[in-house]
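What follows is a single structure, and I will ask about it in a moment.
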Amino acid sequence: MNIIQGLVDNYFYFASIVIFLIGMHIMLTHSNMIKKIMGMNIMETAIFLFVVSIGYVDGGSAPIVIEGQTIRFINPLPSALILTGLVVGVSLTAFALSLVIELYKCYGTTDSDEIMAIRRREQ
Amino acid sequence: MNDFVLQTVTQILMPFIQVYGIFVVLNGHLSPGGGFAGGTILGASIILYALTVDVKAAEGIYPDERAEMVESASVLVFVLLGLISLMMGRNFLTNIGIFPSPETGTLLTGGFIMPVTLAIGAKVASTVITLFTHLFEEKKS
Amino acid sequence: MIRRIVATIMILLLGTVLLYMTSEMPRFGDPANPTNNELSARYMEDVIEDVNIPNIVTAIITDYRAYDTLGEATVLFAAIASVLAVLAMHSDSGRGTKLDE
Amino acid sequence: MNHLPIVVICTSLIGAFASPVLGKGRPWLPGILARIIVPANAVLLGILLAHVGDVGVFHYFVGGWAPPWGIALNVDYLSLYMAMAIHVISTIILVFARGDLGHEVRLDGHRWYYTLFLLLVAAMTALAFSNDFFNIFVFTEVATIAACALIAIKAYRECVEASFKYLILSTVGSGFILLALALLYMVTGHFNLSLVAGEMAAAAEAYPMNIMVALVLLIVGFGVKSAMFPLHVWLPDAHSSAPSPSSAILSGLVVKIYAVVLIRVILTVFGRGVLSTAPIAEMLLLLSSAAIIGGSLFALAQRDIKRLLAYSTVAQIGYIYLGISLLSESGTMGGLVHIFNHALMKTLLFLAAGAMIHQTGLRDITKLSGIAKKMPITMGVFSIGALSMVGIPGFNGFISKMYLATGAFEAGKPAFIIVILLSSLLNGLYYLPIVVRAFLGAPDEGEVFTRDRIPLSMTIPLVALGLACIYFGLIPGPLLELVRRAAEHLILL
């Protein structure tokens, strides 16, 4: 029962892995491009949750120093890096959406299977 | 969207949101927040205006030409701050004391952190607004 | 349909491996974890001396690891340049539909 | 002197940031700016190389914070070699773009094109120098977005589609990379490559699953981005539909920088200790052999010249991974030297194909018969590139193949010599018919060649690349010396 115990102990990691898998499943199985982008966002968010939870320390508080108090902080590094990661995610999403807009203007659909069908019909 | 209540409330709220955004940017090094959070709040105020009142009017508040200038200028400021420390014989992006060092916890502490945060805030706000207006209604350039 | 089944099986396999790994990871929230080493200790203890600001996260992103933040501003710039370029280039007439002219 | 790596990255970034504003209403200005910045940076890198020759390799601490607190740049021969390759090849492509770009991208898009091009060059240089996992992730994203946009900027819907496919697959790759570096951070507590390497043995003892999963995720993540064989599905569409200068830089440099980062991470961070616990190297050998044979077979079936070249890239990436995963000195040298040689050859071939499409508008290789009579220079250098690809002695392609074969022999795996020979045969089968048909075939009567010459700014880069292919085939000494030092650094650890 080591595995169950480990999963219960690491419930934050467990949850973020499950969300990650849901996001990947959406990306791989859906042909609608908007849904693909949603899946991409879910996947990224799961990774961000995972990274931030690495930095958690039992009983720790937000890492802002208050003069004259010594309290335990959480590890600030993962949180700081995920601020960067968030911006990367926004950038990728924005660019992907602009490409979908262009594809919609060209083909009149946001479904990648339908675009393939249109391409095949034209050849 | 033509809802009188919504539009009026938005126009009343906008200055408060913007002041809050500026506060978050300026106090990024003292309290939770910073360039990214504050910039997004600033951008959100304009997005709210665009959604409830009119996208064209929002573009009037923040036209494309100014957006391009702000985009380029803010990142250039960031790189140039790094290069200044290079010219002073330190490594790139070394934190150099710009202001005379006051006591911890006041606004002008932290060397070049506040200029950097301001640049990031301007950059993020501008990017959020520009992305929104361009994706919301593709314009004829 | 086949694609969906194959993808689901792949995800399940990946999930099994990842979840098995999760059970063996350092325990969540344990102060003795490898991540709570001299790296994070210095950020927490010396931030006032080093940077003279109380917000540690801001200190990390704008001072200790400012180069990453420069990269991140560059990502934002790349995104906005890409979006503007793509939307402007495809905006009006003169658009081709075929590669062969 | 020590600041030169960051100066090189920053000048490209400043050029990129300034281009949209400067280019508004002056579409010619960003191009000139780029054509000044990139060659100047190549010169600076040459100075830096000489400096490193004097003082030895060093780490540069950005922000003045030593690792683990700050970010370190790794100024060694591998990063210098890659940075030099990036800047030299980019310079040539930029000169070519002056003549070709107007034909493929609308004039008001030129400022964006050069902005993205400079961003891509800066990001690749930063990746070559970076010695920090998170920094690698950030600049990987810059390079990904810029590369996708360089495809989609051409106003054809095929380009947008290819770009979207590339972006989605790259994003999955980025997700895997971020997850992998989180897993590594979790058990080692560091982001700096050298420090992670130091903690690796203890971490592999205590948390073997984390390390193995992270290794596999990194291989898949960077494998998607560098078009490792079964993950290459995005590459043919993306590289064949892009504007010719973009195709050249994407095929010549962008896929390789990810390969180099992956190689550096696998060999210096994980090291032989972890590699020996699982058959990772053997798996990479098999995959790269499959890439070499499979890519060549796919290329054989293509009629579109740029698609053919794109599939050929899949095969050539296989060579690079083959050389590295042999884990012998000659093999590593062969893989590394092939990075530069293939960049020269493939840039040459893509630019020559671009010149042909520019002049005739034809992409179908069966319709190009007799084209050598109309475009002798272009077709001449194309033949040099093709012969070099096949691996004829006297051209630079031969040098890398020779080292790869020696490496396979050294590693005690002579079976891979057969793979190399077989792929040379296949290369000959798809490249030589184009050359033969172009020189000996009769031109089709109905074809109208509106322009009899390509502009000088397109001829000069082509000739320069052709001469470089012959030069590095006949006098490979200095290049091999640099590569040997880079390989030593990798193989010693």
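Just so it is clear, A, B, C and D label the chains in written order, and each chain counts residues from 1 on its own.
In this section, contacts are C-beta pairs under 8 Å (C-beta built on N, C-alpha and C of every residue); 3 or more make two chains touch, one makes a residue touch a chain.
Note that the coordinates shown come from a computational prediction; the quantities given were computed from them, not determined experimentally.
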(request) Compute the centre of every chain as the mean of its C-alpha atoms, then state which one is farthest from the centre of chain D. (result) B
(message) Comparing the two chain pairs, does A-B have more C-beta contacts than C-D, or is it the other way round?
(response) C-D
(request) Compute the distance, rounded to whole Å, between the mean C-alpha positions of chain A and chain B. (result) 25
(request) Express in whole angstrom the distance between the two chain centres, defined as the mean CA positions of chain B and chain C. (result) 21
(request) Measure off the straight-line distance from the CA centroid of chain A to the CA centroid of chain D, and report it in whole Å. (result) 29
(request) Would you mind listing the residues of chain C that make contact with two or more other chains? (result) 18, 20, 24-25, 33, 35-36, 39, 43, 48, 54-55, 57, 61, 63, 65-72, 74-80, 82-84, 86-88, 90, 97
(request) List, in ascending order, every residue of chain D touching at least 2 other chains. (result) 13, 17, 20, 62-63, 108, 134, 138, 141, 145, 148-149, 152, 157, 160, 185-186
(message) Residues touching two or more other chains, restricted to chain B: which are they?
(response) 31-32, 34, 71-72, 75, 79, 82, 92-93, 95, 104-105, 124, 131, 134-135, 138, 141
(message) Using the definition of touching given at the top, classify the network of chains in this structure as line, ring, star, complete or other.
(response) complete
(request) Flag every residue of chain D that touches chain A in the complex, lowest number first. (result) 134, 137-138, 141, 144-145, 148-149, 152, 157, 160-161, 163-164, 167-168, 171-172, 174-175, 178-179, 182, 185-186
(message) Residue numbers of chain C touching chain B in their complex, please.
(response) 48, 51-55, 57-59, 61-63, 66-67, 69-70, 73-74, 76-77, 79-80, 83-84, 87-88, 91-92
(message) Which residues of chain B touch chain A once you look at their complex with the stated criterion?
(response) 31-32, 34, 36, 104-105, 124, 131, 134-135, 138
(request) Using the touch definition up top, name the residues of chain D that touch chain B in the complex. (result) 3, 6-7, 10, 13-14, 17-18, 20-21, 24, 60-64, 108
(request) Using the touch rule from the top, collect the residues of chain B that touch chain C in their complex. (result) 28-32, 34-35, 71-72, 74-75, 78-79, 82, 92-93, 95, 101, 104-105, 109-111, 113, 116-117, 119-120, 123-124, 127, 130-131, 134-135, 138-141
